[in-house]
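For reference, chains read A, B, C and D in written order, and residue numbers begin at 1 within each chain.
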Amino acid sequence: MIVVLKQGVTNEEAEHVVLLMEKRGLSVHVSKGEAQTVLGLVGDTSGFDAAAISAHHLVAKVIRVQEPYKRANRLFHPRDTAVDVSTDGVVHRIGGGTLGIIAGPCSVESRDQICGIARAVKKAGAGFLRGGVFKPRTSPYSFQGMGCGGVDLLAAAKKETGLPLVSELMEIHQLEVFDEVDIIQVGARNMQNFNLLKELGRCKKPVLLKRGLASTVTELLMAAEYIIAGGNERVILCERGIRTFETFSRNTLDISAVPFLKQKSHLPVIVDPSHATGDASLVPAAAKAAVAAGADGLIIEVHNDPENAFSDGEQSLTPPAFASLLEELKKYAALEKKTL
Amino acid sequence: MIVVLKQGVTNEEAEHVVLLMEKRGLSVHVSKGEAQTVLGLVGDTSGFDAAAISAHHLVAKVIRVQEPYKRANRLFHPRDTAVDVSTDGVVHRIGGGTLGIIAGPCSVESRDQICGIARAVKKAGAGFLRGGVFKPRTSPYSFQGMGCGGVDLLAAAKKETGLPLVSELMEIHQLEVFDEVDIIQVGARNMQNFNLLKELGRCKKPVLLKRGLASTVTELLMAAEYIIAGGNERVILCERGIRTFETFSRNTLDISAVPFLKQKSHLPVIVDPSHATGDASLVPAAAKAAVAAGADGLIIEVHNDPENAFSDGEQSLTPPAFASLLEELKKYAALEKKTL
Amino acid sequence: MIVVLKQGVTNEEAEHVVLLMEKRGLSVHVSKGEAQTVLGLVGDTSGFDAAAISAHHLVAKVIRVQEPYKRANRLFHPRDTAVDVSTDGVVHRIGGGTLGIIAGPCSVESRDQICGIARAVKKAGAGFLRGGVFKPRTSPYSFQGMGCGGVDLLAAAKKETGLPLVSELMEIHQLEVFDEVDIIQVGARNMQNFNLLKELGRCKKPVLLKRGLASTVTELLMAAEYIIAGGNERVILCERGIRTFETFSRNTLDISAVPFLKQKSHLPVIVDPSHATGDASLVPAAAKAAVAAGADGLIIEVHNDPENAFSDGEQSLTPPAFASLLEELKKYAALEKKTL
Amino acid sequence: MIVVLKQGVTNEEAEHVVLLMEKRGLSVHVSKGEAQTVLGLVGDTSGFDAAAISAHHLVAKVIRVQEPYKRANRLFHPRDTAVDVSTDGVVHRIGGGTLGIIAGPCSVESRDQICGIARAVKKAGAGFLRGGVFKPRTSPYSFQGMGCGGVDLLAAAKKETGLPLVSELMEIHQLEVFDEVDIIQVGARNMQNFNLLKELGRCKKPVLLKRGLASTVTELLMAAEYIIAGGNERVILCERGIRTFETFSRNTLDISAVPFLKQKSHLPVIVDPSHATGDASLVPAAAKAAVAAGADGLIIEVHNDPENAFSDGEQSLTPPAFASLLEELKKYAALEKKTL
C-alpha cells in the first residue's frame, strides 16, 4: 500500500503519519520527493481500510498495490481449482478442463415438472440440475417458492437421474433441509450477506456464489474470500450480469469479467446467460460467448412450458432448444480444450 | 395491467390468452384495434409477475399501470406517516413536520467514544444516536464491529443522554441482543434480504430501511411493502446514494428520489449524506440539499477523532462541524415548515 | 403507440385527447375499460415524441409498440446488409457471412510505423487497416493526432498493402482530406452529433458508427437512422463497451447487444474488444466471445511497440499476438459459418 | 504523477523506465522500497497520458496526484469567477454571489410564444432567457428546431424584455447566426466534441457547458479546460443529471457534484433541474436542493402551454409555477448569502 502525503507536509508531520502506520504493525519506507512525500507500507495490509487512512488530514491519496484478497488470489495459488461432486459414485466436475453445465427450471413447481426437466437436461448432456425452492422475489405478493416440499421433489429428480442438485439458500437455517442439495447457491442479492458467507465457510458443500447486481469483481472475490477464510475452499464464481442504464436485456452480461477473474483467481468461473439477458432468444449467443471467453461452466434455465412457468418463463429455454444449444456448445468447448 | 398482443394474432389466439388471464382470477377487457389487440386486466394484479406474462409467445408487451406496492402507497394512505419513539417519556419523531436528526459514529469503539459523541450530538440538537455494532465489511479481514458488547455501550450512552438508539442488524437472531435499540436499521446490502424483511414485519420496532446500491426506488418501496405486509407499519425510507460510473463521491446521492418517494408513499424519507458522499467536506452541502428537497430527516456520521476512527473516518464530521451544520439546517427546515 | 389515460378521466376529457391525436394525423382506436380508457394510435408514429404526449395532464402512460427506427429496422428489410469496399479491384467485405477484420494502431505516428503494422496485419489476415489521425482526447494537452499529414501516411500504407482504410472523422470538413479513406468512423463521443450524422447521410462512403458510452442500442439504431434517412445505407454498427460502475475494464463490453442488434436490424454489427476492455490481456477472450455471439467483424488495435505508443498502448496487441489471435478466430468463425 | 513498478523489477529495469520518463521532459525521483520501486515524476504532467505509461510491461500502476486541469483549477486561481453579460447597459451576472436564473422554453416555437414567455419569466425575476433553435433530437423524424428563423424571434424577445439570450449551438458555423445570442450553450451530447470546444475557445462570448450523460466531473473540467486553453475564460459549468440504472427520473441529478466542482474549480456552477428530473412535479424540489448545495444559478424550462409544447413539455413549468418557485428560491438564496 502506498500513501501519498499532501504537498507542503513537513518532516515532523510526515513522521507523525509514519508512527501511526507503524502502530498498526507495518514497516514504512519513506521517500521524500521534491513535490511530496510518499510512504510505502510493507507487511500484511489485507485487513487495512484504505479509506480509513485517506481520512487523515495529511494524506492526499492511498493506493492499494496488492489485491485485498489472498486465499482467492491466483498469486498465492497458481493452479486452477476444480470443484467435484459425487453422486452414486459418479464424479461431476466444474473447472479444470471440464465445462460444467447446470440446467433446470427457475422454480420447482411439481414432481412431474422437475423430474421431466431433469430427464430432458440429462439426456441433452447437462451435468447438474438446478431448481429453486426458496425464491427471492421483489414483491411479497409473488410466488415465494415451494419451500421444504420442493426439496423432496428435487431429491426425487436426483434419485431418478443421478444429477447432483444446485439450489439457492436465503438464510443459513435452511441448510437443515438441504441435505440432498449438493451445491449451495448464494444469490446476487445475498452476495454481501456477510453473516451468511461466514456460515457457508463452515459448511462442507461447494458454494456457487453469484455476483451482485452492483458489485465489482473485486467485491465478488472478497465475498469468496469470506467463505474460503472460514474453511470452505470449494467456491464457484458466477457472472450473471450487472445493472446498468441499458434496459433491452434484464442485466448487462460483463463478459470481460470471465478472463479477468480467471487471471486473478484460481476459482472456477461460470456464467448465467439466462439472468444476464432475461430473454430466451439471447441466451444461446450469450452462452457461446461465455465459453469462448473461457468460462468453466454455465447455469441455464430450462422449462418444459415457459409460458406457464411460475417465474422467469421469458428467459427459459425449452428442452429441445437446450439440447440443440448443447450440441453447439460442445464444439466451442473443444476449441477451448474443454469437455462437457 | 395492460397486455398488448403481437401483430397478426387471430381472434382464437387472443381468446386463448384471455382465458389464461381469467384462470388467474382477473377479468379481462378486450380491445381490438386495427394493428393489434390490447387486453386490459381488471382486478388485483399486485401479485402478478409482468415478466411471466410477457413470456407468452402471443404477447408483445405488458405494461403495469398501477404501482406494485399497496400498503406503502400514498394512493391508499394519503396522510403522512410519522414514526415516534419514546424514551424516558419523551417522544422523538421522524416525519410529520419534524426533521429527525440521527447522528453518531459509524462504529461503536469504546464507552468513552460513544458516550462522548452522544453528549456532543445531543447538545447540538440531534434527536437520535446511531452507532454500529455489527458491521458489514467488504473484507473479512477488516474490523467487524464490537458485537453484543457494543450494545451495552450504546445502552450506557442512551441512559446518559436519553437519546433513542439506531443500530444495524445483519441477521434476525441479533434482534435478541437489541432490546435497548429503538430503531432497527437494515443496511443497503440487505435491502433485498427478503427473509430478514419478513421477520422485521413481525417486529414491534420501527425499521430504518436503506436503499440498495443498485436498487430502484420502486424496489425500495417493495422492500418496505414486505415489512408492512408482515404487520409493521413503522418503516422509515433512507436514500443513501446509488452506485454509478462517477467516482469522486463514494456513491451518487439521488436527491430527486426524495420528492418522488414523498409523492408515491406516505412513509417518512430521510437522507444519509455521509454514505452518499463519502467525504466530510461534501456532507454539509448534501445535508442542506436534502432538507431543501423535502427530506423528513438525516442520518449523519459524527466522530470525535475521524483520523483514528475504526471505519468511515473520511466521511465523519467532528462534533463542532456537526453543531455548526445543525445551526444552518434549522434555517432550511424553517423554510420547509419543519422543526428539529 | 398506446396511450393510457388516467383513472377517472371522463368521456368528454377522453374525447379531447382523441382530437389532439387526430390533429397530429393519426387515427385513434378508443377502448373504454372499467378502470381506465386506452387509446390505440394507428398511423406513422415514428416522428412522434412519446414524452411530449405523456406531458398531457389526462395521460397516465404512453407505450411505444413499434420501434422508432424504420430504415435500420429488420422488419422492413429482412435480409442482412453487407458492406463492400473495393481497392485495386479486390472486394473487402463486412457482414453477409464474412467476418471483417479491421486492425491497426490507435494513432498514425510515422510512415515506418503505419506501413510496418499494415504489412503485419495484412499478413496475419486482416481485411482493413485502421489508424487515427484526428484524435478525440480528454485533455487539450494530450497528443491530438497527426492531422492531414497522417492521411498521407495511411495512403502510403494502403498503396503498399492494398488494405482499405478506416479512420475517424471529428467534423465534417475533415472529409475533404479523407479521399483515400474508405470507411469513415464516427467515434463514441460523436454518436449523437446529429449534424455530423446528417452530413454523413449525404456521403458516398460506408460509415462505421460506434455506440456512445451512455447510449442504449435503440439510440445507436436511431443514430444509424439519421445516416440512412439522409441517403447512405452503408452503416456498420460497432459495440465498443459502455460506461458502468465497474472499473477493472476501461468500459463494459455489452456482448448481448450483438445478438439483439442482429435481431432488430439488418445492418452489420462489429465489436471493438480493444476499447471495450482497455487491456491487451483481455482482448483475445473478448474477441472470441464477440465472434461466438454473432458479430460480423472486429476492430482491433495493433501496435508494433505498445510501450511507446502515443496513445492506447495498454490495449494494443503486438503483431505476433494479433496473428495468433486471428488463427484462433478462424476456428470460431467457421463454427458460425463465416469466413475471414 | 507516481509510477509504481512491478514487484521483482531489477535496478537496471527501473533505470530503463526512469530514462523513458526523463526523455519526456520530467525529472524523476526514485524510491526503492522492500517490495517495490516507486517513481515520483516532477514537472508538468498535465499533457501526460497515464494510461500510456501503464502500458509499459514493468509498470504496475500509475497514480495521478495532481489534477489534469490547470486553468479551470481553483488551486491556480483561488477567487471565484463570475460571468457578466451586458444588455442595454444592464449587467446580468452568474456567480460571485449572484444566483443567475436562466428560464424559457425548450424550443422557440413562435413569436407570441417566446415573447410571452420572456415577459413572464422576466416579471417573475429571471435574469436570462433560454430558447432552443437548433435541437439535438434522438430521432431524425422529430422536430429539429426552427433554425435561423428562431434566432430572429429570440432577438425580438430580447429587444422587448432586455433579457440576455442563452441558446444551444450544434456546430461551429451556426455561430454566424448567433450575433444576438449572449451565452453559447454546449449540450450534454457535445461536451466532448473537442473541435467545437476548441473553436469556442476563440469566441468572445461566455459558454454554458453542460455535463455529458456519462461524463465524470473531471471530464467536465477537462472540457472546460479546452475552452479556456483556447483563450476564453468565461465558462459556466452545468450539472444536468447523469445516466444511471434508475428510470423514475429522466436522468439522475448528481447534487454532490455542485460542492465538489466549487471546491475544485473557480468557475460558476449552475444546475438544470428540468433535464435532471424530466418531470415538472420534481423540478421545484431539485431547484431548491441545487441552491442549498451551493449552485451559482439555475436553468429552468418554462412553457406557457406544456401540453402542446413541441418538445420537453413534461418537464416544463408554467409561468405561474415558475413565479411561485422563484419566490421560494429567493429565501434559499438568502441563506446562502446570494441575491437573484
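Keep in mind that, in the parts below, a residue touches a chain if its C-beta (ideal position, glycine included) is under 8 Å from a C-beta of that chain, and two chains touch if they have at least 3 such contacts.
Quantities reported herein were computed from a predicted structural model and do not represent experimental measurements.
Peer 1: Which chains does chain A share as contact partners with chain D?
Peer 2: Touching chain A as well as chain D, we find B, C.
Peer 1: As a test of understanding: of all chains, whose mean C-alpha position lies farthest from that of chain A?
Peer 2: Using the mean of the C-alpha atoms as each chain's centre, the farthest one from chain A is D.
Peer 1: In angstrom, rounded to a whole number, how far apart do the mean CA points of chain C and chain D lie?
Peer 2: Averaging C-alpha atoms per chain gives centres 27 Å apart.
Peer 1: Centre to centre, by mean C-alpha position, how many angstrom separate chain A and chain C?
Peer 2: Spacing between the chain centres: roughly 32 Å.
Peer 1: Starting from the mean Cα coordinates of chain B and chain C, work out the distance between those two points in Å.
Peer 2: Each chain's C-alpha centroid was found; their separation is 40 Å.
Peer 1: Which residue numbers or ranges of chain B touch two or more of the other chains?
Peer 2: In chain B, 214, 242-245, 247 touch at least two other chains.
Peer 1: Touching chain A in the complex: which residues of chain D?
Peer 2: 2, 4, 27, 29, 31, 33-36, 38, 40, 42, 60-61, 63, 65, 243-245, 247
Peer 1: Going by the contact rule at the top, pick out the chain C residues touching chain D in the complex.
Peer 2: Touching chain D: residues 46-49, 51-52, 54-57, 68, 136-144, 170-172, 189-190, 192-196, 198, 212-214, 219, 222, 225-226, 229-230, 242-243, 278, 280, 306-307, 309-316 of chain C.
Peer 1: For a test of understanding, state which residues of chain A touch chain C in their complex under the given definition.
Peer 2: So the residues of chain A touching chain C come out as 214, 216-218, 242, 244-249, 252-260, 263, 276-277, 281-282, 284-286, 288-294, 328, 331-332, 335.
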